[in-house]
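Attaching a single structure in structure tokens format; questions to follow.
So that you can tell them apart, the chains are marked A, B, C and D in the order they are listed, and the count of residues begins at 1 in each.
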Amino acid sequence: MGMRKVAVVGAGMTRFVRRALETPKELAYEAAKMALDSCELKLKDVDGVVVGSAVDAFDGFHMKGEYLSDGAGGWRKPFIRHSVGGATGVFSCIHGWMHVASGLFDVCLVLAEEKMSPCQPHPQGAFLTVYDAILERPLGLNLTWIVPQEMNLYMIRNGYRSEDVARVAVKNKRNALDHPAAMMGEELTVQDVVNSEVISWPVHRLDISGTADGATAVVLASEEVAKRITNKPVWVDGVGYNLDTWYWTSRDLAYPVYVEKAARMAYEMAGIKEPQKEIHIAEPYDPFTFKELQNLEALLLADQGKAAQLLAERVFDRDGRMPVCPSGGLLGVGNPIAAAALMKVAEVFWQLRGEAGKRQVPGNPKTGLAQAWGDMMQAGTVVILKI
Amino acid sequence: MLYEAASKAYQNAGLEPKDIDGFVNAGEDWTEGHSIADEITPDQLGAVKRPVFTVNGDAMQALISAAMHILTGQMNICLVASYSKASNIKSLANITVMAMDPVFNRPLEENPYFIAGLEMNRYLYETGTTREQCAQVVVKNKKNALWNPSAGHGISLSKEQVLDSPMISYPLSSLDISPHSDGAIVIILAAAERAKALCQKPIWIEGMGWCSDSPSLEKRAWGEAVYTQIAAEMAYKMAGISYPRKEIDLAEVSDEFSYKELQHLEALKLCRKGEAGFLVEEGALGISGELAVNPSGGCLGVGSLLDATGAQKVLEVALQLRGEAGQRQVPNAGVGLAQSWRGIPTTSGAVLILSNR
Amino acid sequence: MSLLERISKNIQLRSWEGEFPVQYLYTFGVAGERFFRQIKENAKILGARCPQCQITFVPPSLYCERCFERTEDWVEVGHKGEVYTFTVCYRGMDGLPKNPPSVLALVKMLGAEGGFVHRIGEIDPQEIKIGMKVEAVFKPQAQRKGSILDIQYFRPAEK
Amino acid sequence: MDKSVQLKGTAIRESDIKEGKVLSTQWVPKAQYAWDTGVAIGRFLEELKGGKIIGMKCARCRRIMIPPRMFCELCYQPCREWVYLQDWGTVRSFCVSHLRWDASRMKDPFLPSVIELEGSTKGMGFFHLTGEIDPKDMKIGLKVKAVWKDARERTGAITDIRYFKPV
């Protein structure tokens, strides 16, 4: 029994907003409905449903997946939820791929949803619950205390200045101006970013993506179904995921080797030998500016220490040699964790099909990559799509 | 705890962590007191810098995900891990209530056991099953647990003791409810060729199914476990089983509450609707009965292991099919069924059909 | 292979206490907002109808969970329903006995799919039966704030 | 999907909720836990009470690990060789954070740091705060030493060390 081919055949999403009136179920429904409509399928055509949602503490649901199931289209269907923290969104596509590639299902609806706004006084508070209850929480550890540690070390090791990484925000927020879901699209200069207030040195306010509410869905289908319902199936050519140790203080904070391992797993499956030549567009994870560059290097899409230079040379612009985050990414579109990462998969899908409208990159890209990063700065998930 | 369980699984399979292609963990954040509880597991499993992910669901759903991954051909050997640290939660009722709808259900501020009360009442009403028959399930399972060295809640009880135990949420009394336990279970799956090479007595997954009914308390089915019915249909179809009652030798089903065992047996088509109560009364569900159900002692006897419960069910069926169940061995067991339910307030369950042929 | 050192004296057992120090503010959603506005302002209970399945759902949702069509027609379903199942709950959230116990039921609204999980009042717990007709008792308008608790309880319906 | 597509999703403001324009309900969870410390962290906390920092050595790869653990996650071997570490070390990474965990802004910034304690294997970090230093003087490679609470105030918690200060 060989591996079955799996295609993305439809995608949908909600707007990303700071605070949505919609309940998580309703957000899920809107994204799922749009994805199904986009490929003219009905709920009865769906064999199984996969849901990704990152952190239950954001919206205060225990067993969040159970709550979401009907909005995600899981009524009386096989339904599973998974999470790998921030890496959940891209993993959703991988989990859905398993459903179809295993031969168990022909059509799988994949949904990622996050509603962060219910958390009071601020969604940041929920991050406290991510850390070690005994050794870290009593010190008040939070995201703005640890991610900058990575950024600091990463910049020092590679000799990057604040301006070098700030360009990521400028590019992505500009790209986002053309995205209908975006809440943080803006025309900025490098100086604007560098001059924005320091949240946690070396992180400035404009280096960070914003918490948000939103949902994204994609529909996966087996080769037989995909060829029947669309003339532009986008194939899931490679998947990879990897998790590093829980002891974050003993990891190499400057280089996410787990992302590299996830990428190599996906490249091997897709038969990709020279990623820098064979990948045409990329949507690496960009919750913070430096992460885009760091992830590009770990994905082997840029040599170590070279990403900032390529960025400055406009290689990663929408009309550059390798467009990176043409969607606008998390920095531009917004960051409802799991939904934002699955949005990256959806963006690659639209770009490869030539359906990205004003965001469309030139040159008919054939192969694209989406990546996310998560858990406690330790998880990498990678999907390679091909048309 | 998980490290020890994983070490034993590796030893039992004659493997080392480096032989494993992928790892799947089952668990929920709020029962850990930890957001993204996923992040803690690689170390315990020897899975640092390896493919690991978490299913926020029952361990049986995690196992199904691992099995699917093997079926894709990308992986040969996968490890499934799950554990319960129920003892560390000081306020389980307050956690369970957060699985309910915040707008429609939480404001009532009632102990979530009321959901089991509502469901039991409707089940008894629709099927004519009695509280006495449910009590008999408790007696049977707690007795089975006496033969299970891993079970913490084995005891010899009379039906009357169950019936007379304090009422929690009518018609559910305190002994109808499974106590919680701590524990860790690790299961290793391998593709057919690898399994044959590795293991003298591999247990084969013949069928798998899983399903969720409407999560809404207002719109779900109450009398029947529809989620299990649909999951079972899927699993039977895959396993080529047409007459479950004849073809299955033993079953481990979720008995989080006494009536659930009976309701699940009916949904699994192991008996007709309304019949399960009589079967337990007649002793047909005992270890040497016509159909052994929960020979391990079930949740009532072993203790509910939160999301690891499904793994306990699979483990018991595997031990029984290997003939390694010691004093509680079911004679001539060839095909077994394991079923799980995620507990109140959910309507999610999974079914696995296992065989030793 | 097992651990080489264990806690052998219970006095060495240590645990660390803690909790999740956050709270939540929920909006009711597109459908919920409309539903609770009517409850709050007009003591009316609305259901949403699926154009495909022809089922009226209470509580109303934006979509039909069965076929995924968007629900469009909203209809008033009245105040009367039927006890589909009930329970008498003797324990509070803390697990301790509760006096008096609460009588809770799933009330299915007549002519609709679904209804309310709510308290039953003005009744002796011994008297309640599956199939019994009940009606919603609303709080006075001034006290209603847009909540499931704007309905005080359901009570046996007058014939 | 072009820019012109009208996506669903209704943005509201916090003030809409406060002013009652949008209905809402509040929930305060009572999620309380008593996490078992386990053997390794139990001993570690006990030693902090005595003013000492203890780590664990893996017999196979010889790493001296902090925080201590009962098994080496890389060798997958049980460990039992306890090793005391110095209460001083080198800053391996840090940041200057103006935010508290609940996102409220602080005038005096925190200096969360990853510190490589003397006696532990290179690459092993220990997370704590740095203090008594002008944030501008913070740098990677700085030598810092633990500032302990008074022995009587120590409870066997990570906060028994107030912070680390430059040597």
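As a working rule, a residue touches a chain if its C-beta (ideal position, glycine included) is under 8 Å from a C-beta of that chain, and two chains touch if they have at least 3 such contacts.
A quick note: this is a predicted structure, and the numbers were derived from the prediction, not measured.
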item	value
Contact-graph distance - origin chain A, target chain D	1
Contact-richer chain pair (by C-beta pairs counted) among C-D and B-C	B-C
Between chain D and chain C, distance of the C-alpha-averaged centres to the nearest whole Å	41
Distance between chain centroids, defined by C-alpha means - chain B, chain C (Å)	28
Between chain A and chain C, centroid-to-centroid distance (C-alpha), Å	36
Chain B, residues touching no fewer than two other chains	3, 7, 30, 33, 42-43, 48, 88, 90, 94-95, 98, 102-103, 107, 214, 216
Where chain D touches two or more other chains, by residue	10, 12, 22, 25, 27, 29-37, 45, 69-71, 73-74
Residue list for chain A, restricted to those that touch at least two other chains	19-23, 57, 60, 70, 75, 121, 125-129, 133-134, 245-247
Overall pattern in which the protein chains touch one another (line/ring/star/complete/other)	complete
Contact set on chain D toward chain B in their complex	25, 27, 29-36, 69-71, 73-74, 76
Contacting residues of chain C [partner chain D, same complex]	1-7, 12-20, 22-28, 30, 32-33, 36-37, 40, 93, 146-147
Chain A partner contacts - residues on chain B that touch it in the complex	28-31, 33-36, 38-43, 47-57, 61, 64-65, 67-74, 95-96, 98-99, 101-103, 209-216, 226-227, 230-231, 234, 342, 345-348
Chain D residues within the chain A interface of the complex	1-14, 22, 27, 29, 33, 35, 37, 41, 45, 65, 67, 69, 73-74, 92-104, 109-110, 112-114, 123-129, 135, 140, 157-159
Residue numbers on chain A that touch chain C, as the complex places them	19-23, 25-26, 29, 32-33, 36, 42-44, 57, 59-60, 70-71, 73, 75, 117-121, 125-126, 128-129, 133-134, 137
